[in-house]
Amino acid sequence: MIVDMSIAVGGVRLRGPVMAASGTFGYGTEVPLLERRAVGAMVSKGIFLRPREGTPPPRIAETPSGMLNAIGLQGPGADALVRDYAPKWATWDFPVLVNINGESAAEYGELTARLDGVPGIAGFEINISCPNVEQGGLYFGNDPRAAAAVTEAVRRRTKLPVWVKLTPMVGDIGVIARAVEGAGADALCAINTFVGMSIDLNAYKPRLSFRTGGLSGPAIRPLAVHLAHQAARAVRIPVVGIGGISRAEDALEFLVAGCSAVQVGTATFVNPCAIAEVHDGIESFLHARGFKSLADLPRHLPRD
Amino acid sequence: MFVLGMRAPEIAASVRAGQFVNLGWAGGPLLRRPFSVYRAEGDVIEVVLKAVGVGTAQLLSMEPGDIVSCLGPLGRGFEISGSHVALISGGLGVAPMPLAARDAIAAGARVTWIHGARTADELCAEADGDEVVWATDDGSRGFHGTAVAAAPDVDLVLACGPNRMLAAAAERWPDAQVAVETYMGCGTGVCLGCAVPLARGGYDRACKEGPVYRAADIKWSMLPANLHYVA
Amino acid sequence: MIVDMSIAVGGVRLRGPVMAASGTFGYGTEVPLLERRAVGAMVSKGIFLRPREGTPPPRIAETPSGMLNAIGLQGPGADALVRDYAPKWATWDFPVLVNINGESAAEYGELTARLDGVPGIAGFEINISCPNVEQGGLYFGNDPRAAAAVTEAVRRRTKLPVWVKLTPMVGDIGVIARAVEGAGADALCAINTFVGMSIDLNAYKPRLSFRTGGLSGPAIRPLAVHLAHQAARAVRIPVVGIGGISRAEDALEFLVAGCSAVQVGTATFVNPCAIAEVHDGIESFLHARGFKSLADLPRHLPRD
Amino acid sequence: MFVLGMRAPEIAASVRAGQFVNLGWAGGPLLRRPFSVYRAEGDVIEVVLKAVGVGTAQLLSMEPGDIVSCLGPLGRGFEISGSHVALISGGLGVAPMPLAARDAIAAGARVTWIHGARTADELCAEADGDEVVWATDDGSRGFHGTAVAAAPDVDLVLACGPNRMLAAAAERWPDAQVAVETYMGCGTGVCLGCAVPLARGGYDRACKEGPVYRAADIKWSMLPANLHYVA
């Protein structure tokens, strides 16, 4: 099969369109049976400037075709990341982006400055699904000004590619997409998890200790395809589709809807070879339809 | 309690007592379900389970020849040492004990197995060890009280069962090795869903640093007690 | 079993907390094997003042644990409703609310005036998940002013109970909930379907002729429980929980999360007896826990 | 093509040719799947199917004794009249024909069954009728061409198969009775998901007013042709 699967997304060259989504692949050192050849890129677990403990258990709950998680962005902080992981990433044959988080635009900027130029770090994915502590806990992700401010704060500290990962919990995703495009994002990632809740009927309280959690998995795929499509229509920069991808057909839905590449998350928990299977399946699909390269796939839906 | 056997030669050859496998199957729930390896002989591994929810119910309705995806062996098992080892189990916490008994006996230790249940009905049918002690909450068989109370003092205590039983074991034997239960997303260390609160602060991953811990290392007050592993 | 399952919700007395959701029960005359004793109330298929043809097929597509629909509010219009269905409803032993729709606040008001006082119509459920044609197609449902304007327009034309059915596609459901409470709603219904899209990879276009559709079914339940809980925390009027309920445990999640009653939608497609099974299951649950009445169920989660 | 039999005495006793049942089962997809009743004898109904997706694949892997929830009979079937009836089927469109042949014969009519396929491989094995005509697109068996072209002119034409075949039948026989295929949400008339576009404007419900229609009443240009019923 000779299909050219490579693609450039927001300043990052990928050998294939299937990446590992943040928080579902650890720091890339844990996944067993990993078929590295198929990994387009990895986005590492979301990190803050300083170490974070994360939330008490229970942290996950299963729901129909999905799961809720409230990990609380547990992580070792920027210094440990630079010391323990980046040197390994520098030797790998696929790029690693760091998913960055903060409680204020300034903190995002500071974290970027700390990580910029560190060998092994190919770019940044800004997670704007964080509460904005300065604004009373409102989310950066559903306020176009706050989202743009965070993007600018990061953009000013680095020449590396900056991707912005959008939250689905918004009235109009196009507004946020345009705001962060204007603030200098090189690509958008759509989408992060939806906020959900599941109740323990024995205890009359939420199953998760954090009360709410982010819903991921196949359940959200139709919502994610719609939002990624809306984002792709709103901007000129590339959009990376995320949400409920476990088979090649799922990924192809995002690509046909206008995305340039995709990330696989929860599916890796179920099947450690999910990324390779999605990659290979896309290749077979393209081959069977006579496409010579990923770029030939009809990408944009007929507009209304 | 039912025992399910699976052909899994590589796992059977390498599994250590206290490790688990993460099972998934077509038409099953989204997430895999973790099970301690109960026995390993030749090409076959066994798990012990009872129906508590949709996943275990589906596993129990499988027929010979059905296919289950079996990821493992996962986690860190027991570290066996000493000349007299006590195995303390409650309910389905028997699961890792036959392998533990095998390894302890192979290491030349004397093995006392204390198995606790609420009533005699809930006791498992068989137990391996030089000495077997039954304990029931209602006194309907063996020792009247908990398995922890029934246990002798020995060199090494290995325990598995409801988290509240393990918490009791931790009070009596800080150095006991306990296999804890948590919900798991991946079983492979990437999701951080299986957080075990530590006495020194922060969290470990039950699937990677655990599921076996030194009893005193766990902050028991923060570990949920209401999971489904053991009724 | 002697458990008092009755409850009053926003001016409507129900013999049980389980209602039929709009668009999933037709006009109440179609469902086979119907166990009427268990139906708390029915909300009829969404109606406009004038007849509507609806969208071309395909109108539905299955997704993991869910389905997308784009029916396009096909319906006979107010006059036919009054002539053909209301007289039947007037003889039934459970109340029927009419789900009302419009393209402008004025049209909602006109429809209300046409239906107010017609025997058989016990109240109104305002569907605000409609595009506001006067405002360039923005949804009433994610603009607090537009949502309040529609509620007022309906409120002014009737003394019957007015419920407002919220859309989940909003940045903050509490804001909309408070706006419509202030405009005179007697209860809120949370939630309507989420917008989603599914792609036909043979045709490289959406499966649904309308391109997007509303996602319903078990897949959305954790999102719906969260949003219903948020709405219930924001207002004093009762909230009716909707979204992915197919078993009693599902309904109980909404009740424990602060809802007063629930509606069952998609589950009726799969199991025409779903409402009765959910009702009976709630009764058994209450009985097993020693509750004498539905009102005794611990209703509000501990607040943070 | 495979035939699946189910014990369903009430449906077997009352089903009419062209009606369908809506099948659901534990562990299956969310929505039920509609199937024409193929045969009904004694307590048993049969459906004919092949694996096109997840639902049909699961149905075909069932074992004797497995339980399927079977809602029906649903929809409006064929209205049989006249002294010479032609049954025209393509691919899995054979499904409603054995009952149609039974009823037409019982009503004293002569029955000609014309079955079309792309190649001889796709022809179904058996057909009931006074006269059976095969038609293949590639001429590998019987008439070289479509089933519609192969059919004689008779009093009444009943047709079932891909929507594009039915559209061709509608051109030749406006009064033919055709059984159409749509996606279905409920099968019982409440969801309006199974819209059939009508020549006079507006939509009918395939599950309630259909699935059998007078051919000329359907606006064929708006009926999706790419559903999965018939390959």
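For clarity, chains are labelled A, B, C and D in written order, and residue numbers in each chain start from 1.
One rule holds for everything that comes next: contacts are C-beta pairs under 8 Å (C-beta built on N, C-alpha and C of every residue); 3 or more make two chains touch, one makes a residue touch a chain.
Treat the numbers as computed from the prediction; the structure is a model and nothing was measured.
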Any chain that touches chain C and chain A: none
Which chains, if any, touch chain A and chain D both? B, C
Interchain centroid distance [CA atoms averaged], chain A/chain B, Å: 36
Cα centroid separation, chain B vs chain C, in Å, comes to 46
What whole-number Å value describes the gap between the mean CA coordinates of chain B and chain D? 55
Multi-chain contacts only, two chains or more: what residues does chain C have there? 65-66, 217-218
Find every residue in chain B that makes contact with two or more other chains and list them. none
Treating touching as the only link between chains, describe the layout with one word: line, ring, star, complete or other. ring
Could you please write down every pair of chains that are in touch? A-B, A-C, B-D, C-D
Of all residues in chain C, which touch chain A in the complex? 63-66, 68, 142, 169-172, 194-199, 201, 204-206, 211-213, 215, 217-223, 225-226, 229, 244, 249, 252-253, 256-257, 285, 298, 301-302, 304
Sort out for me which residues of chain A touch chain B in the complex. 23-26, 30-32, 45, 53-62, 65-67, 69, 71, 74, 200, 202-203, 209, 217-218, 266, 268-272
What residues on chain D touch chain C, complex-wise? 24, 29-32, 69, 71, 182-197, 201-203, 208, 222-224, 226
Of chain B, residues touching chain D in the complex: 27, 58
